[in-house]
Amino acid sequence: MSQSSFGNKFKVTTWGESHGKALGAVIDGCPAGLPLCEEDIQKFLDRRKPGQSRYTTARKEGDLVEILSGVFEGKTTGTPISLMVRNTDQRSRDYGNIAYSYRPGHADYTFDQKYGFRDYRGGGRSSGRETIGRVAAGAIASKILEELGISICTYTRSIGPVEIASFNKEEIHQNAFYMPDAQAAVKAGEYLEECMKNQDSAGGVIECRITGTPAGLGEPVFDKLSALLAHALMSIGAVKAVEIGDGIAVTSSNGSTDNDGFTVKDGEIIKTSNHAGGIMGGISDGSEIILRAHIKPTPSISQPQQTVTKDKEPLSLEIHGRHDPVIVPRAVVVVESMAAITLADALFVNMSSQMDKVRDFYRK
Amino acid sequence: MSQSSFGNKFKVTTWGESHGKALGAVIDGCPAGLPLCEEDIQKFLDRRKPGQSRYTTARKEGDLVEILSGVFEGKTTGTPISLMVRNTDQRSRDYGNIAYSYRPGHADYTFDQKYGFRDYRGGGRSSGRETIGRVAAGAIASKILEELGISICTYTRSIGPVEIASFNKEEIHQNAFYMPDAQAAVKAGEYLEECMKNQDSAGGVIECRITGTPAGLGEPVFDKLSALLAHALMSIGAVKAVEIGDGIAVTSSNGSTDNDGFTVKDGEIIKTSNHAGGIMGGISDGSEIILRAHIKPTPSISQPQQTVTKDKEPLSLEIHGRHDPVIVPRAVVVVESMAAITLADALFVNMSSQMDKVRDFYRK
Amino acid sequence: MSQSSFGNKFKVTTWGESHGKALGAVIDGCPAGLPLCEEDIQKFLDRRKPGQSRYTTARKEGDLVEILSGVFEGKTTGTPISLMVRNTDQRSRDYGNIAYSYRPGHADYTFDQKYGFRDYRGGGRSSGRETIGRVAAGAIASKILEELGISICTYTRSIGPVEIASFNKEEIHQNAFYMPDAQAAVKAGEYLEECMKNQDSAGGVIECRITGTPAGLGEPVFDKLSALLAHALMSIGAVKAVEIGDGIAVTSSNGSTDNDGFTVKDGEIIKTSNHAGGIMGGISDGSEIILRAHIKPTPSISQPQQTVTKDKEPLSLEIHGRHDPVIVPRAVVVVESMAAITLADALFVNMSSQMDKVRDFYRK
Amino acid sequence: MSQSSFGNKFKVTTWGESHGKALGAVIDGCPAGLPLCEEDIQKFLDRRKPGQSRYTTARKEGDLVEILSGVFEGKTTGTPISLMVRNTDQRSRDYGNIAYSYRPGHADYTFDQKYGFRDYRGGGRSSGRETIGRVAAGAIASKILEELGISICTYTRSIGPVEIASFNKEEIHQNAFYMPDAQAAVKAGEYLEECMKNQDSAGGVIECRITGTPAGLGEPVFDKLSALLAHALMSIGAVKAVEIGDGIAVTSSNGSTDNDGFTVKDGEIIKTSNHAGGIMGGISDGSEIILRAHIKPTPSISQPQQTVTKDKEPLSLEIHGRHDPVIVPRAVVVVESMAAITLADALFVNMSSQMDKVRDFYRK
């Protein structure tokens, strides 16, 4: 697991820059025999597509995915699946200040420090468009989870100060913010109008609930399922905090409250509560896995900002063009994708943890 | 990076169970020529040693480290460094209920689900004693950072509801809680007395500040420095949330506030604020790196708890023996160790990011 | 390093099937600032292109490479380089027997056993066309080596029983077999005519000599430079044996002969002989690195062969179409590419082996 | 897979120097529930122990293994297994010339070049004693293979010019050379007497045959089973060539001869020959896997050799003390161990290659 790859056995490698020829991903380690077509992936990509409401950028790109390898007669072959999305909006333009100055809140400065120079067009590799490869891979991971009866529900929990007060799953796909509370969605819209009027932007919280996970996923020490999920979510550009289960609330709780007891129901051992968010000692316990990613406000805002050029000249930078006042809604499917990829990988890694099961596997 | 190892180039593998013969770590990828002796490591281990105050367990183990390989004439040789701490408190005893029931808040149930059975003595591999290997490795990573002028300051930010109100670095090692605020430490003590009276336990927040880091560490996509640090911290048993910089506070901030501007001071480009916590686009920007780990209350409490046995019989479990009412103070050095290991690894992984620097390196 | 990737820091992932839409590679970990254009890669690909002599298949594919990411204004950016070659000869045809029977000497049976089914068109993923991705990546690795003054000379040492008797570097690119001996090339041609007349095929030996390598590359135990090179070469489909330096000849030699002594020349320590082939204890010693890959005869031959169908029916299989009677000449650039990739990776992995050098690197 | 570790899922990390405190290995990824005791490992270690005949060094070390973690109540727990062998022969002595000159045929020079200095006592990390960790791990891998009905037979095929002419499995453990031909063993002994008289040493060939392997192991491209085995074997210090199946002989064969046909016997598909050595397209085909490792003559010989000191002074070096005139017999168990480790790892990696089998695994 390093540089541009994620996962041990279900390994995702993404490539591509915002304004390069194309973006894509190679998925290595997908089992053979999974039914897969471009439509399965396109559905996921459409959830992150810009231009879906007045709160997301209007760039009208199709973001159409092409499967280049790894699928034969409608099923995966077990060999690497190469996915590509051509960039259609590649017309040459004047990047002006952006080419030689450092946008606050962006990776311009750190890329120059690390690499000596950078592809400044639209943020290059540090652009949110890089997540196209993740979401395409996430669609495949989700199909695997589905085959095993695991489902993921991801939604916006808050935008700026506006938090959901109720939960209606049906509502999630009914509003522009993917919020499970229609009233909160209305208030979030009002808050964003205010932000836009101020030439400003907002952040928010995305929550992810995973049901149907078998117990036993995750490794006991460094590769705890919780650690892998934190890695996965914190690798999304704008995420600044990650919580599992009760998260930060545990620090002011007590052991007697926070501990989840056990009981037996219908002949199965279950927990009497789920403060842990489905992961105990880093290993899934079979109950619902609960994650939260905290997203910072969009760094691109149109009001003037203080910065410097590469040559150390001060500059009052104004970023023109249309930018999302909040990226939270479009990031919902990115969070879901990273969670799905992490789970799929953990499922495969876990398969050799008991000698009896290994023996059964090969004796069949 | 998988199972019991962490890191790509500075790779740490830990091994050992709470009541096995010994615990230890193998550190692979430490450069040759670093001065190193057992005392360097012992100092770190002593910071996590039990029995240092009435709020930590009284188990009087020396936890003496032995360097078994990788050091010759006082310097590392570039080959694997094997470290071992013998368990001295290994006397056979009756584990009673614990051997066949599931302690709430512990990994007993998930280990049984994953592996089919478990070493139940003192939590086996899921015990806090596993961190001995991490801290021993962290001591070496810290020596490397020191050689490069990087320093880490780690302390307790809160215990239960008691948060620090001031910051005095000198104070950190003056109280049993590693808090930089003497008054808060007194209040924390009072709060813990209350918890102990109630046969209950508390959690808290650990904060880590890293200064002197060169810009350019971390990889742009999955292996963002922030993602690696989140992975590292969330891999510590009791951590349920991780924050970088302003963390969860960013979600209710605005872009105009959250963005860190740039200016020039003494001929160097610096940031005008540090909401990002020293990491932009996943890459270190040269300013202070700020992390917070949120720790849950100690799961072992002496009041009766509802659970079940392996055979699905209900049980009211009482956990006897002395347990820390809070693990936060002893976890401070564990957080510091994981941060140091992550940084050391990022330093080495980064060494080939510019062709010119590669050429210089080999042309010298 | 697993499944479809090779390398630790300079990591190559290939994808694609013989008759799928495209084949390609993602190169992750190439330093920023390396001048690179499509022409650099095309030159390498042209060396493995079919249809260059009457001893190679006539399939007239252009195999034109497209750089999709990772290069900006003529230089690598340090982010993943995605390369693609479209398959132009994708017309649907009748694969007849091949779709449901097992060709002797091919991977048909083992793919079916591993994956449950397979893409039978032209061998799918097990086709020699998979090496397109390797060669494209090898071209980039070679550019890196060139920048550091390292050069690789690869050629055919024997075809069937015909071995070179002299070495003229200029001759290598003057004959269809990449042999450094014009007379041997004539004899090899005669031998192949004989094979073709018999509807049969031949194997051969490829030798690779690498000069200019700095001492110190390779890791002392499992990742010896020799072990990595053996892995790299043996991962090429038809290779059945790999030798380093004197190779198999060492087994009948004696220590007094096989040991390379040391002496001083022009103030530098050099070896008095090079039986070791440039690698001592798994680490490069600065002298010429010498490798040999032994290639089996092309398995596709037109004479009838005994096999069975998936349904266990016996079948006398005749493979129609034109096939190379020997793949050795086209494999020369594949061997060179794998050697270059391995060296480039070893160079980057080695960069942190001395603490003093790490300090210099960051203190500059 | 890097530096001092080998394997993806069954990962072996070795540590230790010839004259350090101890040597050992950590085995990570061994499934839970495998019966294991120190005796299982000791048996393997005893096969590489010095002092077993007059052709091996007389150093009377017990090389007694201690299991430090990962085993509870006689069974593996699924957590890392830490193994240690104390060095008992650690008395301080005068290393004389060896400390500051470069022994021909050894890694002294390359270690100095890579690391700036080295542990010169007995070769340090590059000593054959490093293989203690491999053999201890190999014993565990072999137990896993045994549980799955896979067995490995390893023996000496030749010593110097003396090759076996017959094969009697019973004979292998009856002579000092592990040769399956009693007469050849006698001749080998005579040849070694001659070498010793000349203050010289010999090499040889080790062959390894693995039966009972399921079809489907190995990955199609870079991690072919053949490539992994070549990596494994070539990582043993003295190995200079590796062959699979017919190996180098294939280069002068023809396709019609080299191709293994298929037929059906007792309702099962089998091959009509096994030139491929059990691996087709990099994947096991279910027939016998055949490997050969070519071992160079012991570099330590007592006759004077030409070398230089660190300070570039010429030196006629005489290496005193007793050294094996041939290391082949003691390397037999090292080759077997590396093959077993590679197979065990491939077995676990293969478990997620078919979606149907993944589904069955989790639905049980």
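Which chain is which? They are A, B, C and D, in the order written, and residues in each are numbered from 1.
Keep in mind that, in the parts below, a residue touches a chain if its C-beta (ideal position, glycine included) is under 8 Å from a C-beta of that chain, and two chains touch if they have at least 3 such contacts.
Protein identities per chain, from UniProt: A, B, C, D = Chorismate synthase.
As the structure is a computational prediction, the values presented were derived from the model and not from experiment.
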Compare the CA centroid of subunit B (Chorismate synthase) with every other chain's and tell me the farthest one.
-> C
Tell me which of C-D, B-C or A-C has the interface of B-D again, with more than half the contact pairs shared?
-> A-C
Dist(centroid_CA(subunit A (Chorismate synthase)), centroid_CA(subunit B (Chorismate synthase))) in Å evaluates to 26
Centroid spacing, where centroids are CA-atom means, of subunit A (Chorismate synthase) and subunit C (Chorismate synthase) in whole angstrom | 38
When the centre of a chain is set as the mean of its C-alpha atoms, what distance in Å lies between subunit A (Chorismate synthase) and subunit D (Chorismate synthase)?
-> 44
Hey, what residues on subunit D (Chorismate synthase) touch two or more of the other chains?
-> 2-5, 8-9, 14, 29, 32-33, 78-79, 114-116, 125, 220, 349, 353-354, 356
Counting only contacts in the complex, subunit D (Chorismate synthase) reaches subunit B (Chorismate synthase) at residues 2-5, 8-9, 11, 13-17, 20-24, 26, 28-29, 32-33, 66-70, 72, 75, 77-82, 84, 114-119, 121, 124-125
Residues on subunit D (Chorismate synthase) engaged by subunit C (Chorismate synthase) in the complex (per definition of touch) = 1-6, 8, 14, 102, 104-107, 109-111, 113-116, 125-126, 130, 158, 160-161, 195, 198-205, 215-217, 219-224, 226-235, 237, 239-248, 250-264, 267, 269, 272, 276-277, 279-286, 294-301, 303, 305-308, 312, 314, 349-350, 353-354, 356
Mind listing the subunit A (Chorismate synthase) positions that touch subunit D (Chorismate synthase) in their complex?
-> 8-10, 29, 31-34, 76, 78-79, 144, 147-148, 214, 220, 347-349, 351-359, 361-363
